[in-house]
């Protein structure tokens, strides 16, 4: 027999001004199973909580209903109080007399009647509550970081420095990501390589970090605290243990005309290569697509010249499996190749380049050693046009969103150009300048005021080539859309930032949700900016949306903090409000028929198949089982189950049924 | 709530929401006749966005709407795919209906009307009739005197109009779709 | 006809099956028949009068549990079989399915894929009479429909023949037997009868083969097959005919259309 | 006490959007009819259609079902599943002549306090016009009420049997 | 199979050489083009400038007539007509209300499945494959191909070639031995329907086109639109006065160029009708 305590809160006058709290308590006392019912000015106050605790102890209550404010506010408070008094916290329920009653209705009998109904509902529900224990999940304190750009580097170092093991997976031959390609960084104009390279080296040397370069996530199983990640180590054709990074191989490789990805096609590389001189690890890999040996079976020059015999042809990809407790996704972004803008002639005219290509031209380590020279003939361009929003804010051909970083990097490009080419003319076509950030607006103003970049408000309609010049046709909308035609030597398109290739596939592998542009989705856009909807998987950097370096690093440290927080305990506790499949005593009495409709419906892959065997070890049936580590307690499966074999703790069929009948005051 | 006014009328008749334009100016930059126009296309868009009747009047009375040659460069490049040519068509219809046609555009309007007249009666366009009608409307009697004889010579101007069998049907098409008077 | 008998005989003789679920001649229409041997196979018939959905026997553990089964399946039975596979109730290696071509010759399906292909190509038997009744009902006012169904369902005395006849009703514990809470009134009342039918039809949504066995089984002749028929049509109209992942209710499309949610 | 019919309306709402939205209605002190009582579920996906029928059977005159807008579900897809279920459930009820005008479905987000008040008020007004939902409730003891008629019918049958004898 | 032919008004008048050369070319390849019975004017730019419904109903009649003739595909050499007919068919297929209204006006049914081919599509489908073997006199001249507006825009509807840098004419020209050059005015507007009413604008717009072709050393501008051709050709006096110089590069139809290459006579191609005569032919 239940012994329920009902505690009606006045909330000062918030409730009692419209609800007759005393009457509510009196009526509640009349309900079957209610042992004690009283009202008090502030239930959540210390004295209020003491009243509840004492009632539990004195009357031996089996359940508590607090009629006060929204459970979204104080449910944890009262459950904690009950636990302190020795009552299972999940035997405590709240009913909302404030937000759902006193604040939204006039003072009259009906309002008090409603309050009584609300209390009755929860009393009937609480009678059917069962003591629940928090779910404890062990945590393996090792993190997997996917992506070795600045975001992944920062997150890995933060986690590793907190004393935890980190597996860093990078799909390219070297870590460093897009940041390693940049020349200078806004708004301080410090050299990108100079600030990044020490971090890359730190990663390579950190005792807590295992770096898998040239590797990709193959598959992921498990759940928070207990993921099992299989990683594909793509065959490098070079044994990293034997290789000393001397460079004899790539100096002798006969295939020298492969457009370098690192130099955005403006420079060339060999078939056996390291992406760039400061690469970490600084050991080459063979690009099988372009290697003579892999293409036609002849060559092997690298093998001959290698002093340590590190070249190993025809080795298959390998796989490693790592058990990790948390995952940080730091897969970054990609730059949209603006060839979908036929009117700008990218791909058709050699001197129409992307912003990232300009970075390589301006970079001291780039193909021109930092001199601005146009790709077609190597001449120093005297007139350069920069076109902002080449792809961004263009639902028709590009992407509808603002790529956020382009205004700043375009200002930087104009500035770098003016610094490097004295007497050069730069024109920036823009629509709006988005320079929200510390010292950002000042930076753009400097480009205009001090370095003399000519900013024209308007979008370019078309570019065509004539006599070695690029004719750029635009308007100045601030002069009543007056036509502006510039004969430029080079055009730089501020191409949009988009989700990295393979983002969708990766998200599906990991069950992380993503937005229509394939950027990974945060659990909450404001309050959970580095979490995903899948517990234990965190996000940082430009895989969420285009981000500049400061924001990327901030989110990386944020994600790392979440991981470190998770690793601060040996076990994870979770609310036990999860689904369960009925299994009284032994397996075979489960009424589950194993149709697995619930499995299709579950958004969390929390439903597993469990084989029920007889004594002879033969499988007699397969039934569903809920993995409490994965289940988030939505209960969608419950309403699918035809035989009602699956139920959800805390919102069980019996409880909800009782609540509905009680609302309508049906005994 | 959507604001009342011509913006919603435009939307209703053409499906175009002028507020989608964010004034990048790419239409004006690519427009073949920008520098002839009193208001370049992006300006027309801006004026329409104000939902201000004075501005609407200025658009309807402008020469711009008649100068648009429907070359479609604007809409193919517009990041928001705003169908400006369709909008211009609508403005022209409105301008005619509201009798606000710019004096400067008289030639163009006369040409369009003269072009349609022979079709109405014969089913096909007829250049001599067209030119004659056009000249009657514009009093540009001397125009093209230099070209016409050589056109005859080269067999480019048939002297008699072509007539089709379904003339009655064509006339009905004109009657049934008629909106405004000449 | 001899084709079927010899085929089944062959199956027994080659020891490929333990039991064959088919039809034998009945007093008016053919009735279900279980053959256990090559001799039994002589009694089998298979023609377009064979209407009952034999797939219902495939989930009867006492009948087929652990056995290798052959079955002669009508169009609807094939649909049910396909759905039962989706729901993990059948094992491909324990089942041999025979169907009938339009010309009456026998078709042996090699596996589930062939059944699926057949179903995607075959035309569903017409349900003209049911469609007419459906139309008639949907043209009624809501009050008239209520009158119709409350009259009809007032006659039900909960024998659950509808459930027994249905290949999709294979739960070991039916919701009607769930008593914590007692979802459906176990006693006979129009409301309880309705609740049962609503549950049954909602549970059938997207799974039902539309064979109409439920209606045929009703001893009082309540046209409950119209409910499932209507549901089948509603599902197809809203979510399309086929769904690769099994139940339409356990899947969704972000752009499912509705017009009633404010 | 006035004699006007006061409908009983039960609201089935999800915890994350509509429940929170109704909390906001409270914090914004927007008033609405007190006829509605809210039953809290984790998600619209959890709401069993049987509970709706149970509410009608036990005296509810109207029902509100409300959850997160599409794409906003806290559990990513519970509301999508629910939407499918309601599409079918509604057409079935309608086909059986059960008054679907008494069930109001809505999406109310945690930010839509005013919308919640609006939906409640609209529903209550609507149900007040429709009057108490007696048909479904009466069906619970339909046979009892018809017992007399049944007896007569049985007697008639018997007579006929005798006649044909 | 019967292939329909819609000449349109221009090809019956000012641009008769376009019709002539198209038919001559088809004949050279044994293709029979059947003129649509009792076709009418498509309304051109004038109609849609003034009245949208009229602008739809006029071309719709042509489509209905073609369907009535039992045609599955029609060749429309005039770019303006091609554009109007394609856009109309597209609009009618998209908008059921409009379709109903138009069918009511015409009192004729419309199926909306007609294949509307411009001259390049026609050549590509029926002639291009056989062209190389038939070239008797390679067209070894430097040319620029001028597409204008109406062949490529609106791209969503016409779905013909690349939007900003189309290639189909260039490919055909290269097949007959021409040196087809990249240039800046492939799809810029020539002034179109302003030929009579605003000849000044035509002089200017067409002037820029002719100038760019001249600057690049082109010997001919190859066109596929009667309106473009007449603006670039017949309006040369205006062009020259705008450019303040005399440029005599001819603007000729692609059908004429191909015709010449495969040995069709100058007369049959109507070359005489060009105002600016090609010096090489």
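Residue numbering begins at 1 within each chain, and the chains themselves are lettered A, B, C, D and E in the order written.
Note that in this section a residue touches a chain if its C-beta (ideal position, glycine included) is under 8 Å from a C-beta of that chain, and two chains touch if they have at least 3 such contacts.
Since the structure is predicted, the reported quantities are computational estimates derived from the model, not experimental observations.
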| item | value |
| --- | --- |
| Length of the shortest touching-chain route, chain C through to chain D | 1 |
| Chains touching both chain D and chain E, listed by label | A |
| A-E compared against A-B, more contacting pairs | A-B |
| Separation of chain A from chain B, taking each centre as the mean of its C-alpha atoms, in whole Å | 52 |
| Chain B and chain E, separation of their C-alpha mean positions in angstrom | 21 |
| Mean-CA-position distance for chain C and chain A (Å) | 46 |
| Where chain D touches two or more other chains at once, by residue number | 49, 54, 77, 81, 85 |
| Of all residues in chain A, the ones touching two or more other chains | 343, 462, 601, 640, 653, 657 |
| Numbers and ranges of chain E residues touching at least 2 other chains | 163 |
| Each pair of chains that touches, named by its two labels | A-B, A-C, A-D, A-E, B-E, C-D |
| Of chain E, residues touching chain B in the complex | 9-10, 12-16, 38-41, 43-54, 57-58, 61, 105-107, 149, 153-155, 163, 187-189, 191-194, 196-199, 201, 205, 234, 237, 272-273, 275 |
| Residue numbers on chain A that touch chain C, as the complex places them | 591, 593-598, 600-601, 622, 640, 642-645, 653-654, 657-658 |
| Residues of chain A touching chain D in the complex | 70-72, 96, 98-101, 103-106, 110-111, 113-114, 117-118, 121, 513, 533, 577, 601, 603-604, 632-636, 638-640, 648, 651, 653, 656-657, 659-661, 663-666 |
| Touching residues (chain side chain B, partner chain E) in the complex | 32-33, 36, 67, 69-73, 75-76, 89-90, 92-93, 96, 107-108, 110-113, 115-116, 119, 123-127, 130-131, 134, 138, 143-144, 146-147, 150-151, 154-158, 162, 164-166, 169-170, 172-174, 176-180 |
| Chain C residues touching chain D - in the complex, by the definition given at the top | 137-138, 140, 142-150, 154, 183-185, 188-192, 194-195, 197-199, 201-202, 205, 227, 230-231, 234-235, 238-239, 248-254, 256, 258, 260-262 |
